[in-house]
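Following: one structure in structure tokens, then a few remarks.
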Amino acid sequence: MRIGVLTGGGDCPGLNAVIRAVVRKGVGVYGHEFVGFRDGWRGPLEGETMPLDIQAVRGILPRGGTILGSSRTNPMKIEGGVEKIKDNLATAGVDALIAIGGEDTLGVAKQLFDRGVSVVGVPKTIDNDLNATDYTFGFDTAVNIAMEAIDRLHTTAESHHRALICEVMGRHAGWIALHAGMAAGANVILIPEKPFDIDRVCAYVESRFKTRYAPIIVVAEGAHPVEGQMALQDGELDAFGHVKLGGIGEMLAKEIEKRTGKEARTTVLGHIQRGGTPTAFDRVLATRFGLRAIDAAHEGEFGTMVALQGTEIVTVGLDEATKELKTVPVSRYAEAEVFFG
Amino acid sequence: MRIGVLTGGGDCPGLNAVIRAVVRKGVGVYGHEFVGFRDGWRGPLEGETMPLDIQAVRGILPRGGTILGSSRTNPMKIEGGVEKIKDNLATAGVDALIAIGGEDTLGVAKQLFDRGVSVVGVPKTIDNDLNATDYTFGFDTAVNIAMEAIDRLHTTAESHHRALICEVMGRHAGWIALHAGMAAGANVILIPEKPFDIDRVCAYVESRFKTRYAPIIVVAEGAHPVEGQMALQDGELDAFGHVKLGGIGEMLAKEIEKRTGKEARTTVLGHIQRGGTPTAFDRVLATRFGLRAIDAAHEGEFGTMVALQGTEIVTVGLDEATKELKTVPVSRYAEAEVFFG
Amino acid sequence: MRIGVLTGGGDCPGLNAVIRAVVRKGVGVYGHEFVGFRDGWRGPLEGETMPLDIQAVRGILPRGGTILGSSRTNPMKIEGGVEKIKDNLATAGVDALIAIGGEDTLGVAKQLFDRGVSVVGVPKTIDNDLNATDYTFGFDTAVNIAMEAIDRLHTTAESHHRALICEVMGRHAGWIALHAGMAAGANVILIPEKPFDIDRVCAYVESRFKTRYAPIIVVAEGAHPVEGQMALQDGELDAFGHVKLGGIGEMLAKEIEKRTGKEARTTVLGHIQRGGTPTAFDRVLATRFGLRAIDAAHEGEFGTMVALQGTEIVTVGLDEATKELKTVPVSRYAEAEVFFG
Amino acid sequence: MRIGVLTGGGDCPGLNAVIRAVVRKGVGVYGHEFVGFRDGWRGPLEGETMPLDIQAVRGILPRGGTILGSSRTNPMKIEGGVEKIKDNLATAGVDALIAIGGEDTLGVAKQLFDRGVSVVGVPKTIDNDLNATDYTFGFDTAVNIAMEAIDRLHTTAESHHRALICEVMGRHAGWIALHAGMAAGANVILIPEKPFDIDRVCAYVESRFKTRYAPIIVVAEGAHPVEGQMALQDGELDAFGHVKLGGIGEMLAKEIEKRTGKEARTTVLGHIQRGGTPTAFDRVLATRFGLRAIDAAHEGEFGTMVALQGTEIVTVGLDEATKELKTVPVSRYAEAEVFFG
């Protein structure tokens, strides 16, 4: 077989580990050939390929990013996109495609499969918000980076009697905030799933200051106050009506300063959460995803994606990936609330 | 209620996170009181306690080790041990005990429970070889430490055309070697579950040298050759007939040098794998274990231990912990073998 | 002797290492007694002390922050401040004071010395902008934290064809930006000492994109464009007329997007640069500063501060600390410019 | 000009940073051409070269090892070695050579210079024992790796009432042991410069145990007892009469167990101290060394090597590198002794 591989969507530590595992097992065990498509769906859409053999994947396991490049190009929004992809796959002599990406990338994969393309998916999201799998690679790395940053904030908070806010990724789901905040001993964690009451946040801040320790607040970028509080102005929202990146953390700092009279400072971690070398957890998960994906392609299990269930890697339908967002359940947030204040 | 807490056995990152979660929820949510017993079972045996309140657990979440101390004292091997413990628990006014430890500690907990002591267990092993739980805390930290060390060895191996061996923990189970070796791209991984063929190891070493890259071998301390190879001498074995710590790595280096004519060097990671601050995965798991353990004690679920199944924390019978060792299955080792050579 | 110790100004990794060294040598070698003053000059001003013996400094070497607390209280701006301090030192039976802090703290120390207080200073600034010493502790830690963050940004920048900007500390001097940018291979480094030409910055950005790699820009918070470019508005400046924290990075992103049509994103590292455990360099330097400071106090070398010259720790006049800001010289910036574009 | 570059001797983080800086400035500023010689002096001896242009040095700044490979080949010990090198340099059209290495590599460079070869040296030693420069790159990385390992040992030592020994590099000079031990709060530091009294070491161990804390001993691989103590046997010494690698740490553990009755365990860090990504200090120093070395070659300052003096990079005679070993002076060891016990 000749198999194409592409990576779509945002950066995520572990992408290269998946690619390496696919190629190593595909060539070494099954004797298949591979071709890389550049920059997500742009590659098959425009027919831009790159060599993808054993030599190309040497040494990439520990590296962040993706040697294939990525993009958010959506062929479904392009006139004749599907036909162009089918033509380019045929031209490149590709029998099957392994598509590594998040909701959008896998959504396209599903539609291509429905139109006759042999696709296997590998789920990828820093945010850990895909329903069909216990965890996605990249999440553990992001959580550790955020945790280390919050660990560092603790000493500054304590030495200077100042509230510190750390804004982490998570527009629709609060998994990174929940895990990083729990791991680093945050005094309050705010997530998109549960609109926060600013009065209660300030009460935590003030009670914490009474202990001679200073509060650390971890806030997901998609968190927001309950209706009617901290009214947002037009310039503070993006095209989707969400608070802009770096927005909610800054706003919260201002509001806390205004209401408590205490200094508050915000750090926005931004892209450093999704770059760099993956943790062991993510390298092992990504490698096992890659191994299972090439098995699936080899055995003709198309229209599926790989997933983690307990300690096993399984395949589920590609539509599982996109059916529903996995958000933080009330019970998990309640665990974290034990440590608030 | 008044609840005693103890930690037994070897050091393990996350012990303090368990203790903190138990106390924070026990005091804050349930209104219980706590007392710490020092140095594992030695504490209740000799009646040595320490205060264990909110103040005592402040700031301990990120710290390695255990504020309660530990030991390998086994009260079952001491004349009248059980009675002494029951007396000392009564004297200390303790209604229930939370015992955090490995196979040995939980084995004692089981026997005490059978004789009427109200015990809840929390499983702990760096080695991840307890059957009743998907993972134990400390394991992820150990794997990351070993992975980072192996990452570093890669550059030296490549610059100097020298085989490098990294000996990691794992006397009976090869989980750390498997995960760290897979995460760091080892060329061979040797585990206790599968006696190795030294000829094959040397063949991997030689084929790797032909690529201008140098081989990295990860070996669990309990790995050993197939019967008849590399005959061990008396001084190289410990009281149990195992190769001594730091033994198999050194022996392997000598054997490889002898057989291939290439230089080989060994690093023995030893105790650095079990000390220091836990990873996010271990801090979250340990915290959730602690929360569930105090729930179990509060609700009178004695004779149980907490466990991870998928993403849920559950309770299982204390005897589950000790029934069977969880070793690396053939299928998991086969995943790693794809990358050998 | 009975010696008081205080720490003033912003947080800085290594403060606890200085305190520990002062006390360990002062008690162990010289037999002196110590008392801690809380929260910088607020401590002696209000007579708030804490015990400072061998037990108090145990285990603090690797910890960020300061066990003594800190503040920006300036007794010179308080009516009768000097007299209050002298009274409180007398009440506490203190013969000499070791003041650890930056320009402001040491400026006060100098004035107190001029009015008869026996003071030894220890210089502290994350920013490395004190003229009398080759390096200050905390700087190496900040540079490593920033470098690791920029290392992580590289993979995201490369995978997504997006310009990434990292804003680091340095209001008046660009040392952190220079070292972190040089260490992490930034494509442009902008420092307060050299107003930047936005046209040239954009030219670098565009030429970099042509290589299929994406540009990383490191910008000190105090950097600013040459006169007349990127006119700042009122809300974007703080009370001193400086761009607000998190300001220049954001502004630069907008300007680059506008001028080049490429996406640009900013990460503001903020307080994580000054918290957490110090690097080895900073722990050794801070420890040696502490040892030399207690020697100076013991030998009556008051009115001095300790300093690093080459590999030696020496004492210089307290006024040396405040005479002149050490900014990045043209020759050092020229070294970095070799790698621009 | 056409300039050859080689790296000789043991691995050292920062080698690639030097190579990159040489090539980036050499090509970008001066317009020179470069050729890489493989595996130290073996390259020019056997005429084995590799391309070394801007593309070859892209992305190598953060990577450990050396893209040129290394070896301990000494052309002075090979019949006609010098002539072969001169011939091969002529054949490759090389006008000048930049040799990056330690005492041995620079010693050869000096002899070649004396026989008419245009050489500039860049000093490299993990051990920091070159007299002509304040620091060498690689040392700071090694110290940080060792410090982090010792930090981790602390918690295990404290939880288990066990003496822990960490053996670090340093056959002739104790710089790594001194800095890592001081940075990590070791209770005893043993270096080659000062033969240790085993009775005194055991006294420290026992007094430490009385505090409920456990002792950490950092020992350089070249440390040894005072004459007559702990008599070594033949199998424990290498060809030079030194204790074998991993030898002194193990021996010390046995001796401490025998004399104090307390458990003692050893970790031998070995090659992980010299691999992996360099710290910021080492990346900046290595980069500045590379920049200065190409300046020297460009300006015809042959027979020199670059060196750090204070914060400046200067050139000194190549013979400076090899004249005398820089060992730990008594005054520096005395600083560390303050914290013993």
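Going in written order, the chains are labelled A, B, C and D, and every chain counts its residues from 1.
Following the convention adopted for this analysis, contacts are C-beta pairs under 8 Å (C-beta built on N, C-alpha and C of every residue); 3 or more make two chains touch, one makes a residue touch a chain.
All values reported here derive from a predicted model rather than from experimental measurement.
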Chains contacting each of subunit B and subunit D, listed by label: none
Shortest chain-hopping distance from subunit B out to subunit C: 2
Distance from the mean Cα position of subunit D to that of subunit A, given in whole angstrom: 40
Chain centre separation in whole Å, for subunit C relative to subunit A (CA means): 34
Interchain centroid distance [CA atoms averaged], subunit C/subunit D, Å: 30
Two or more partner chains touched - positions in subunit D: 151
Subunit B residues within the subunit A interface of the complex: 21, 24-25, 28-29, 58, 61-62, 134-135, 140, 143-144, 147, 151, 179-180, 182-185, 213, 277, 279-281, 283-284, 287-288, 291, 309-311, 335, 338-339
For the subunit C and subunit A complex, residues of the former touching the latter: 10-11, 13, 15, 63-66, 69-71, 145, 148-149, 151-156, 158-161, 164, 245-246, 250, 265-272, 274-276
